[in-house]
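In the two assemblies presented below, chain A is common to both, partnered first by chain B and then by chain C.
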Partner chain A sequence: MCTQKPPNDYSKQLYERYKEALDDYIKSVVVPSLKGKHGEFLLRELVGRWKNHKVMVRWLSRFFHYLDRYYVSRKLLLPLNELGQSCFHDLVFKELKTTLTLTLIDMIDAEREGQLIDRALVKDVIDIYVEIGWGSLGLYEGDFEQDFLNSTTDYYSKKAQAWIVEDSCPEYLLKAEECLQKEKERVGHYLHSKTETKLLEDSLLELISRRAEQILNKENSGCRVLLLDGKTEDLSRMCRLFSRVEDGLFQLSKVFKEHVNEEGMSLLKSATDAANSKNERKEIVGALDQDFVRKVIELHDKQQSYVINCFQNNTVFHKAIKEAFEIICNKEVAGCTSAESLATFCDNILRKGGSEKLGDEALEETLEKVVTILTYISDRDLFVEFHRKKLGKRLLFDKSVNDEHERSLLSKLKQYFGGQLTSKMEGMLGDMTRARDQQANFDEYMSQITESNPRVDFSVTVLTAGRWPTYKSSNINLPSEMIKCVEAFKNYYDSKEKCKKLSWLYSMGNCNIVAKFDTKPIELIVTTYQAALLLLFNGADRLSYSEIVTQLNLPDDDALRLLHSLSCAKYKILNKEPLNRTISPNDIFLFNHKFTDKMRRIKVPLPPTDEKKKVVEDVNKDRRFSIDAAIVRIMKSRKVMGHQQLVVECVEQLSRMFKPDVKLIKRRIEDLISREYLERDLETTNSYRYLA
Partner chain B sequence: MYFLASLLNRIIFSLVILRFLTSDFMMDLGLLPERDADMIMVEGTSQLCNDLLVDPQDVVMLVISWHMKAATMCEFTRQEFFDGLQSIGVDSIEKLREKLPSLRAEIKDDHKFREIYNFAFAWAREKGQKSLALETAIGMWRLLFDGRHWPLIDHWCQFLQVKHNKAISRDTWSQLLEFVKTIDPQLTNYDEEGAWPYLIDEFVEYLTENGCVQRRK
Partner chain C sequence: MRRSSKKSSSSAPAGQTKAVSKEVERIDQLFYTYADSSSGMVDPEGIETLCSHLEVPHTDVRILMLAWKMGCEKQGYITLDEWRSGLKTLRADSISKLKKAFPEMVQEVTRPSNFQDFYPFAFRYCLTEDKKKCIEIPVACELLNLVLSLQFRPQVDKLMDYLKYQNDYKVINMDQWMGFLRFCNEIIFPSLDNYDPDQAWPLILDNFVEWLRANKN
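So, the complex of A and B:
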């Protein structure tokens, strides 16, 4: 009928009749069968009818295939297949779709509540939505998905409201995670895959986003509490969930930062309180700031582990730690800056007989932690200066545990902060190695000479000036035995190094001297000064203060300290008249024949002078030079620069070493103006010009 | 005709200068004999002031010194003296005396005031010093700002004596003029992040602390 030419071409009528036939069928059979049915029955019936319809349409299209190929495509009409589907859609689906959707949603909600539903049925119905839309998801999204998502939102909103009140934070999070998992599975079972993202997003929104504040701050179980109790699993879960919502991690990190801040502040407070209540006994105060350092390191470790294990090593959290610790680590505790405390801490672990005894690995780890803490301290140059002074003492008095560890710490410092800070100290270590080598040569030399051989075992360490801290040393009158040693070494050294000059630092030497007491001889480990003082008593039994001072050519403050250490401290090698604990210029000193101790060998310590002030002064002086140098460097390359900009660049250039005070920078600029390195630019206000 | 007259003027003027250079004139002024015949020193300056009927502390002496580009206060070299008189445009003491009011008025001119102010620093300095002694500086400031009504002058001098007590650098001196000119007495437009010298920052802090001004922090 189709191939004939018009007016015998019945294609059009055929087409229309086809449609009519289908419509009739649907109206007469399908629609009545669906009427009156509800709920699952409706669904089942519909699925059945749809299946039938599909088969029917398929066969019919085959019959009229020729029509399809020629008439339809020429006239750009709907292909027969689709025509069939559209009939079904118009007559059946359109009427029922709201009911269908509601029924489906009810079933899904029932499943959420834990009931079993016929998943296959749901899937089939949903497939209808998809198929009837001719493959596009327009119908699916419009008629089903939107309502489904809305109902999901409602459902979870109600649930969340209830849970947030009843459950603790970890429980809530657990439930939330479960729900999300189930929804994901649901998509796999019967929903279209495209729904997954939107579904999860909406659920998360309800469960987490909207309730974020409440979750984080839940009393007795919120984020802070979890952090304090170390509940890593719950925290990990929290992080996982929050990372999926917008700004979630940011909010979480805020709470974390508050937590770290508070922990830090409470540490500070307890340290300061302890210091204030015990401010008389110096040793305890010393231990207090060490305690503080140790606790800071612990706190840092703990928070770092949280970030790494629970918070996915996310930079936002690292940043929170950094900001919090930068505050904590720059406050003074027990009268010491954190720089000084940290240096003392290092001294304790690197020193033989220090308060910390650690194995090699533990020591390396601790050093690593020390350097990390140092990154938070802004006055790094202060730390370095204290460390250098203490290093000097360790090296010279042979108190360093291990050269390797010293070098390792220096190389870590270099790695983080550049070589400028560590070059001097590396030089110091180099000097010690060279001195040891040299000693071997010197011993050989000594064994060969006979007349000027002082016959005393001694060693000399040659230091390169400039690398070591400046040590005060006065021109003390050494006993003749020591003078011979000095002469011998001088001859040796002059013969080897013609151009170098030696200045002798007797104040830094130490000496083992055997004292013959009545009971038994005891070896005393003392400083060179102390030894020189004691050897005076070989020539006289009683000596007055002024005699001692004159004979030794000692300055008064040194004399006071020396005499105190030998006569008023733990070991009374000398007796003093009058018998009291202070040294006065009228005192007389006698060798204490009766002294004894159960040990054969005792160390008579000389308490060190307080160098803190000097270190701070030196560092401040160096800072002035550094600032001047930085300003000149910047101005030289830029020629003209605004004031603000200059300050900012200066601060940045120096930030590795210390944080310069803006007022100080201003003063240095003025100083450079008066020294004619810079001038004020006359054309632009607030600017400077470099003067070549 | 005109040309001839101006030529004549010039000749007369040069003759007048020549007359200056004779020692008669110098003796008239009572400026000789001095130990150093090429310099007018303290006593000579004092004599000059007498002849001009002015107080040696009068600001007009500063103006005159500026015209003369004198290197040091109360000292004039022969060169400075005559060059200065020429620049003022007078050839006798009487004429100089007559010119005094107009010289005093030169201070009111903003441009000239700036030059005179900046000149004053080096002029009032002790020979060989880099900075200006505090007492001298305060005296100079009072002199200079008296006619210009800077309301904070007293506070400034007080602040310096209480808090600073050291000499004044050239930078501070010249920047103070900027401060006086641009910053209002309530300091509302003062920017402490700006390039003001340290001493002026301290001054502002001092004023705020003592409640002399209310500053929004």
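So, the complex of A and C:
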């Protein structure tokens, strides 16, 4: 019928009859069977009819395959298969699709509410949408998916509204996470996979995005409460959910940052309050600022663990911590800058008999934490100076727990902040090692000389000037026994190092001296100055203040401190007339024969002078030099530079060490102008020119 | 940069008219009436006499302007060369002519291009010893008053108050001195709206503006 030439070519009629046949069948059989059915029955019937239709069309198309091959392709008509489907579509599907969609959505909502539905049925119906669209998803998306997504949005909007009021924040999040999981499974069971992203997005939008504020700030259970209570699981869930929505993490990080800020501020406040109420004794105030340091470290650890364990180690949260701690760590507490407090803290850890007794591993960990806190402090040079001074004392009085730990801290500082800060201190440690080695040689030397051997155990530590802090020492008159020791070492040293000059710092020495009291002899551990003073009493039982000062050649402020430590403090080695707690130039001192203690060996401490002011002065002086050097360096390379730019670069170059005050930089620029290193540029306003 | 107004003394070139050489003679003669015979210069006493003849107080700004016109290097002293060049430019060879020349001289100095040169001259003129680069605060205040108050009375008043009040600086250097002029010329007063401390103003002016703003009430 089809291969003959026209007018005997019946292809067209055949094509049309084919369509008619199908149409007829549909009209007469399929449509009536679907009429009057509702809900699931309708769906089932439809699925059945569609299956039949597909079979029919397939077979029919095979019969008339010849049409497909020639007529259809020549006339650019729909292939028979698709023609068949389009019949079904036009006559059946088009009419029913709204009802179908609604029914499907009802079923899905029912499942959401927990009812069991016929998943296979739903899948079959949805497959129709896909198949009838000839493989493209146009129908699926247009007729089903859009409505489905809208209804999903409605559904979750209602649910969210209810839940957010009734449930606590963690409960809400739990429910939200479950819903999302179920929706994902739903896609697997009967929806087209392409729907997944859109479905989850829309659900998240309703559940999380739109309610983000309420979730985070829920009273009694919101984000802040969870942070305070340490609810890591809930926080992790929160982070997981919020990370899936736009700006979610940012909002979460804002709340986190507020939290850290507030915690920090309350720490500061309680420390300051405590300091103000107890502003008398220095020891208590000292303990307060140490307490503060410990609490800051604790707070930091806690917040860090949140970020690592709950907040996916995300940089936004690390940044929040950094910004909050930079504020907390740069405020003064109990009259001490954080730099000083931190240095005292290190001293306590690293010193023998310090207030913190830690095992090796714990010590290393703590040192690591100290360095982390230091990254938030802007006055690092101040910390280093305090640390250097305290290190000096530890080394010279043999108070350091362990050389290894000292070096470890220095290498950590070097790693983070560069070698400039640590080179002097490394030199100090080097000096100590060398001194120990030297001592062995010196002992051998001493054993060989017989006449001038003072027969006193004696050791000397040689320090390289410039690496150590400057120590005050005066030319006190040492007792003859000590003079012999000094002479012996001088001879030894001069013979070994011809070109080096020694200056003696007696004020930094210490001495073990046995005092024969009535009851029993006791070994006293004292400073060299104290020992020299006590040895005066070998020659006289009674000495007046002025006699002591003259015989020792002591400056007055030293004399006051020394005599106080020996006669008015815990151990009264000397008796004083008159019997009171202050030293006056008219006092008389006597050796206290009756002194005794249950120990055989006691340390008579000499309280140190307050060096805080000097440290701050020294640091300020160094800063002026550093700023000058930075300005000259920058101007030398740039020749001409605008004021603001110069300031910005200067601050940057110095930022590792400290944060320079902008006014100070201006002052140094003016100073350099008057010293003719720079001049104001005449051509460009607000600029400077380097003067070679 | 100094405006060089010194001309080396030279004898009148041949062909110079008689009138001119007469003028030079009169100028020189006038010089010698005030000059100290041993030093060959007009000294502070001589200047005072000159001022009384001119009927101008010797602390008047016009004397300072005259010194600028003459290119005087040392405060309180006038050399023959300086005298000659000054009076020649002013076309004065007698006291009365000199006096008459004053109003025009004031106008000339106040012209911005000349004032830019006169102003630092005033500072340098007040430097007393060699190598000294600063003047004390009280002297600076007086000088400000003398030199700027005609044009910038309100600024000068406030500035003088501040300089006496503050104690960050005990002396003023040339850079700060020039800054004062720039401030008066560029900054709207008394609102100070266009003053930006982040620019390269000398720190003393930053502090001055801060003080002004704090004491507005």
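Following the convention adopted for this analysis, the second predicted complex is superposed on the first by the 692 of 692 C-alpha atoms of A that agree within 3 Å, B and C clash if a C-alpha of one lies under 4 Å from a C-alpha of the other, contacts with A are read in each partner's own complex, and residues count from 1 in each chain.
As a convention for this text, a residue touches a chain if its C-beta (ideal position, glycine included) is under 8 Å from a C-beta of that chain, and two chains touch if they have at least 3 such contacts.
This one's a predicted model, so the numbers in the text were calculated from it and none came from an experiment.
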Chain C versus chain B on the shared chain A, clash or fit after superposition: clash
First, second, both or neither for A:680, with chain B first and chain C second: both
First (chain B), second (chain C), both or neither touched by A:495: neither
Which of chain B and chain C A:276 touches, first, second, both or neither: neither
Which superposed partner A:643 touches (first chain B, second chain C, both, neither): both
Touching both chain B and chain C, residues of chain A: 643-644, 663, 666-667, 669-670, 673-674, 680, 685-688
Touching residues on chain A, where the partner in the complex is chain C: 642-644, 647, 662-663, 666-667, 669-670, 673-674, 680, 685-688
Chain A-touching residues of chain C, taken from the complex the two chains share: 133, 173, 175-176, 198-200, 202-203, 206
In the complex with chain B, residue positions of chain A that touch it: 643-644, 663, 666-667, 669-670, 673-674, 680, 685-688
Partner chain A, residues of chain B touching it in the complex: 130, 169-172, 175, 193-195, 197-198, 201
